[in-house]
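What follows is a group of structures, each given as structure tokens.
Below, chain A partners chain B and then partners chain C, in two separate complexes.
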Partner chain A sequence: MDATIKRGGGYAKQRRNKLLFYISLVGLPSLQFVIFYIIVNFNSIALAFQSYDSDNAVYFFYGFENIKQVFVNFSTQSFLPAAVKNSLICYSFTLLVGIPLAIIFSYYIYKKSFFSGGFKVFLFMPQIVSALVFALIFRFFTDNAIPQFVEMFTGEEADGLLSLPETRFGTVLFYTLWAGFGTQVLMYSGTMSGISDSVIEAGQLDGINSFQELIYIVVPMIFPTITTFIVVGFSGIFINQMNLYAFFGTKAEYADYTLGYYMYSAATEAGPAELPYLSAFGLVMTLFAAPLTLGLRWALNKLGEKF
Partner chain B sequence: MKKIQKLGAVALAAICCAGVFAFPACSKQGEQVDETKTQLHVGTFSGGVGYSWLENVEKRFEQDYANVSFEPGKTGVQVWIDPQSSYSGIALSQTMKTNQNAVFFVEQVYYTQMAKSGNLLEITDIVQSTDREGGSLESNILDWQLDELKVNGKYYALPHYQSFTGVVYDVDLFEKEALYLSADPDNGNGGFVWDREEERSLGPDGKTGVDPETGYDYSADDGFPATYDELKALFYYMEDEKDITPFIFPGQHKTYLARLFKGVAEAYNGDLGMRVQATFDSNGKQLDIVTGFDNNGDPIIEQKVITPETGYLVRQLAGNYYALDIVEHVLDNEDYYTKSSRQGSSSQTDAEEEYIYSSLEGEPIAFLLEGSYWESEAREKFTQSVMDIGAKAENRNFAFFPFPQGGNGTTMTDSASAYSFINARIKDDTNLVNTAKEFLAYCYQEQELVEFTKETGVSIGVQYELGDVYNELTNFQQSCWDSSRGMGYSALVSSNPTYTTSQAKFALLSNSNYYDVVIDSEPYKTMYAAMKENGKTAAQYFQAMWIDSGTWTGTYYKQ
Partner chain C sequence: MEKKKMSAFNWVIFAVLALYALSMILLLFWGATTAFKAQSEFRTNRIWPTLNPTVNNFSFLLDQFYVIVIIEGEGQYFIGMGEQVLNTILYAGVGSFLMTLAPCVVAYAVTKFENYFYSKVLHTVVIVAMILPVVGAYPSMIQVMQTLGIYDTFLGLWLQKFNFLGLYFLTFCAAYKNVSKELSEAAYIDGANEWQTFLQIVLPMVRNMFFTVFLIHFVEMWNDYQVPLLYLPSHPTLAGGVHYLVYKRNYSPFSDTPVRLACCMILAIPILILFIIFRNKLMGNVSMGGVKE
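Up next is the complex of A and B:
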């Protein structure tokens, strides 16, 4: 009898301890999620329907006026449609150029080919060094070193790539791709290293070459990771500021704006009167981005099932 | 090999962890809290004029109040300084209520909004106290400043340091190369003096000699351009005849061109014409307003009174047009500014260094677009230049350039929006409130104001005399002091509701939206992008800045 009670007590204690362990493990992250996501975003969403009374320094309910103003501004402020275009260019470039290149480099590293370790260092460098420092180094290279090279070889004076309006956007786009490359390569090569050797060996026994191995074995095996990058990238179309802030602070030219940069730089300089409009702007972007992101995820998951 | 790798990994990990244990930037690294003393925390913006001046105040205050008790059981005060780059702008107003600091010295804040939102403790008693040597602070602050500082008839802050931006010129270079206009425009040298001995023109103020009544020396600007044609001729003369590059500005911050704009506009618009851009009220006085352009492209100017209802006219001030015209003229001539001014990698400190060394190394640059604090910022570069070049680099002489005037006198406008105040968070702690007020009042004693200027070379927006300390300032700092105290200074801030509601639109600051325009449906953020990169004219830019009466009434005007 005693033994039974003891067992029962021990079981309850074990459950209680497990529960305590579980709570201590997830409690803090949950609390952080509640405070820094739910409460903060709730405040932001509420702000979208408010306006600021500067005389009394209080916010008051303003209905859908801020939301309306966002749509009005899209038709009257020409930089906003241009910013949408730039945001889409940035995502398309990352999708069509960045991801394939990252997969190829990851495969090269995965196969431990010549100088793959060196490539690793070069590609991960932007992730190791502070973003601002790296942008500074890059800027020095594009605006000091390159003009000097041009002068050395052509004898003609040249301006830097970030100083010329014709090359500025393309240069920042290239930097964005490069700066984001490391994370992708790290993830892809990590996933590739998890592919069973026997699968690769089976392919090799069937006589496939490296290209076929990449296309028919590696890519399908890492497809969930590719899906993640595509979906996460898509959800961030409207918040990607394309490193413009690192290069130009809040003074990037309108022609180079992305929607993410617009919101980021505007929020940096906004007073209490401007914050409701920016909240409404963010809300409208979410209304567009959320269903499209979920739709894309669904489509990619369907595609993934075929592999 | 593995051992070395392990050691390397441990070293890297140690470096990463070092940051966690590093002492935060504060004035008393390693010092323990003395429980027998009242603790006072003071936050300050770490940029701008820095905070070594505040560390000196801290030492003097602690010494002077070593035997004073602000709370039962404690004697003396222990002051802790908390310098942060985030203590400026909107960021501070969002975190004030949870900030431990009782007193703040900050810049670029929306003062009126902070006061109205209850972030600041009322300090009317400090401002009006007559115990202060030299009279109450209220009696030593200019009327327009008092108007701006009053919120519902009460004071919540004091003016902190002043920052004047404009066009710095190398006085030594001007003297050496005799870059002055002659009293005789037909002297055979294009109107420029042949040598330093030749009689100079009357300059922008149109007068010379010393006023026997006021003692003001009108000859200080003799030989400088009095018209915009003369100014353009000077640029040409420098570049073409003297092989001098007229301008340098940081390519990384092309917004610094706003300093050229502001310098020209201040000289034409005068004090009233600048102040009205924040008050929207010319107090019944007429100002030069551009109402259009004639067939030759010249501005049509009419005299108009500006009222809050017609505040949109501030965007049509003639001085602003002439300023844009000069900016366009400079940008149209690539030889008028250095190559580094185009390069995005050139920072403001790079520009300062290039400017300091330019005339010493035989590639002179005449003008630097900067602020009154620039010599403090470039202190190390000056020291280095003396080590590199020798005695020739000592005692350099710079000053703000006097531009042609429009008949309203000239002015200097403070663009720091710097204030000091007490955090309202401490309002229920009477002992701490008393300590904080005592400390703030201490900082504004006549002697402390002088010490501040001695340490930083920069003035505080309160009236005080420097005495012998004046002679310890550099030539440039003396020039700033003389100019601001002589011709008067103003700031482009006001408590006008239209202004406080749309401060980002109307604040004439390099980083505000003041310069945002749309020309031919294309938006531009800087004069450089519109004029240099896209060939837009000053007239186009100017007209794009205008606000029509309907938009003014519907969007901006607040009663």
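Up next is the complex of A and C:
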């Protein structure tokens, strides 16, 4: 009997120790999650329905006025529809040009073709060197060296690509693509390396060429990873700054605004009175982004099942 | 082993990638050489490398690379390069350690005690947070941090970074699943408690992954100027200093392109050295989502 009690007591103690160990591991991170995710996001929703009384330095309930103001501003401030358009152009460009190119480059690296290791370093370089540094060198190059090149060949004075309104947005878009391959290429080539050799060899025995191998074997096999990037990119429509803050600070032209750039640059200069409107703006964006992103994910998963 | 001939398709990709690499070399070379050019020469020669390189831009910056921080009710402070470097180390060093530690320990708890209901909740929370886009929580984050009295403090930013959500939680979970259970069980039989088993047996087995994730975060945070600008405005980091010099000091000699490029080099060189040393770790075989069966 005594032995049973002792064993039972030992088991209870062991369970208690395990539980204490478990709590010590997850306790602080859970608290962090509650404060910095749950409370912050709930507060963001609450803030969207408040206004700031600067005389008494307090927030008060303001109903749906901020939300209404967001919709009013979309019809009265031309830069907001332009920001939506630019954000969509950026995503479409990345989707139609960036992702296919990243897959093709990854395939080259996966096949360990000539100098693939070196190309991997170059593709990853913009992720290593600060985005700010890269964007600034690019900006100074396009605004200084390229005009002098043009002058040398044509004899006519030329402006920088980022100074001219007609070339500015295209140049920023090109830069976003050019500097954005790194992570995608690492992920795609990493996933490709998990494809069974026997699958590739079976295709080769059937006489397929490299292009067919990429399209009919590799792409379907890595489709879950492609789906992830398409979905992440889609939710990025609402937060992508397109490097505008690195190129222009808070002085980007309204015509080039993206939603992400507007949100971030407004937040850096916001006082207590501006926070509720910005929260309302974020809330409206989330209300659009969340169902659209989840819907796209569902549709892509369905498409993935067909492969 | 017989080396295979490259197909026409691969040659086309090679040509595109070669152009890409060339454009990158050209840009970085132009930036690096222009940083050693005098402004007087740059006015007439904006393209070619200088034959009379000078380190004056760098020596000028070492002396003048400061940020003016205005604190309401207290006045203005000059934050020099030394303090910016210290701020960067505090932000990127401690921040990336915490950002790696949180998913590392929570993933261990969730993997080891996978039958606990709370473990299942945590796993679901990570997946939901990755899928569900939340846009524009900056204003609320500022307000919450102000309320807690940790806005514009390192403690506040470190707490913000002690976050287990994200891809690396799943990566650590996968790593722990591969760690042999027999080793932990042998440690228990030898009398080790949970902490000893975790710290002395399991953690050393995932230390390479821990170091890789830490390095990735460190590089990101060293280069990051946006988060400190928003949540740590009185403690500019080196990246914040570069941003400040380029966008707030629009007068000569700070506005001279060679000086600005020298400033960029000061930020880029340490991280390039780090990359050269640890490139294999930083560009290791990472995958996500997996291959279809």
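By our rule, the second predicted complex is superposed on the first by the 276 of 307 C-alpha atoms of A that agree within 3 Å, B and C clash if a C-alpha of one lies under 4 Å from a C-alpha of the other, contacts with A are read in each partner's own complex, and residues count from 1 in each chain.
As a convention for this text, a contact is a pair of C-beta atoms (placed from the backbone, for glycine too) under 8 Å apart; a residue touches a chain by one contact, two chains touch by 3 or more.
Every value quoted in this text rests on a predicted model; they were computed, and no experiment measured them.
Superposition model on chain A: chain B and chain C are shown in a clashing arrangement.
In the superposition on chain A, contact of A:Tyr108 is made with chain C only, not with chain B. In the superposition on chain A, no contact is made by A:Ile89 with either chain B or chain C.
Of the two partner chains, neither chain B nor chain C is touched by A:Val219.
Look at A:Ala289: by the touch rule set out above, it reaches chain C but stays clear of chain B.
Contacts of A:Asn144 after superposition: both chain B and chain C are touched. When the two structures are aligned on the shared chain, A:Tyr22 is found in touch with chain C, with no touch to chain B.
The larger set of touched chain A residues comes from C, when the choice is between chain B and chain C. Touch criterion met: A:Ala270 reaches chain B and chain C at once.
Contacts of A:Phe281 after superposition on the shared chain: chain C is touched, whereas chain B is not.
Judged by the touch definition given at the top, the superposed model places A:Asp55 against chain B, while chain C stays out of reach. Touched by chain B in one complex and by chain C in the other are residues 140, 144, 147, 250-251, 268, 270, 274 of chain A.
Chain A makes touch with chain C in their complex at residues 17-18, 21-22, 25-26, 28-30, 32-33, 35-37, 39-41, 43-44, 47, 101, 104-105, 107-108, 111, 113-115, 118-125, 127-133, 136-138, 140-141, 144-145, 147-149, 152, 178, 186-187, 190-195, 209-211, 214, 220-225, 227-228, 231, 235, 238-239, 245, 249-251, 259, 263-264, 267-268, 270, 274-276, 278-279, 281-283, 285-286, 289-290, 293-294, 297, 304, 307.
Touching chain A in their complex are the following residues of chain C: 6-7, 9-10, 13-14, 16-18, 20-21, 23-25, 27-28, 30-31, 34, 42, 46-47, 102, 105-106, 108-110, 113, 116, 118, 122, 125, 129, 131-144, 148, 159-160, 162-165, 193-195, 198, 219, 222-223, 225-226, 229-230, 239, 242-243, 246-247, 257, 260-261, 264, 267-268, 271-272, 275, 279, 282-283, 285-292.
Within the complex, the chain A residues that touch chain B are 54-57, 77-79, 139-140, 142-144, 147, 157, 159-160, 162-163, 165, 247, 250-255, 268-274.
Those residues of chain B that touch chain A in the shared complex are 89-90, 93, 110, 113, 116-118, 251, 253-255, 339, 342-346, 497, 500-504, 511-512, 518, 521-526, 529, 533-534, 558.
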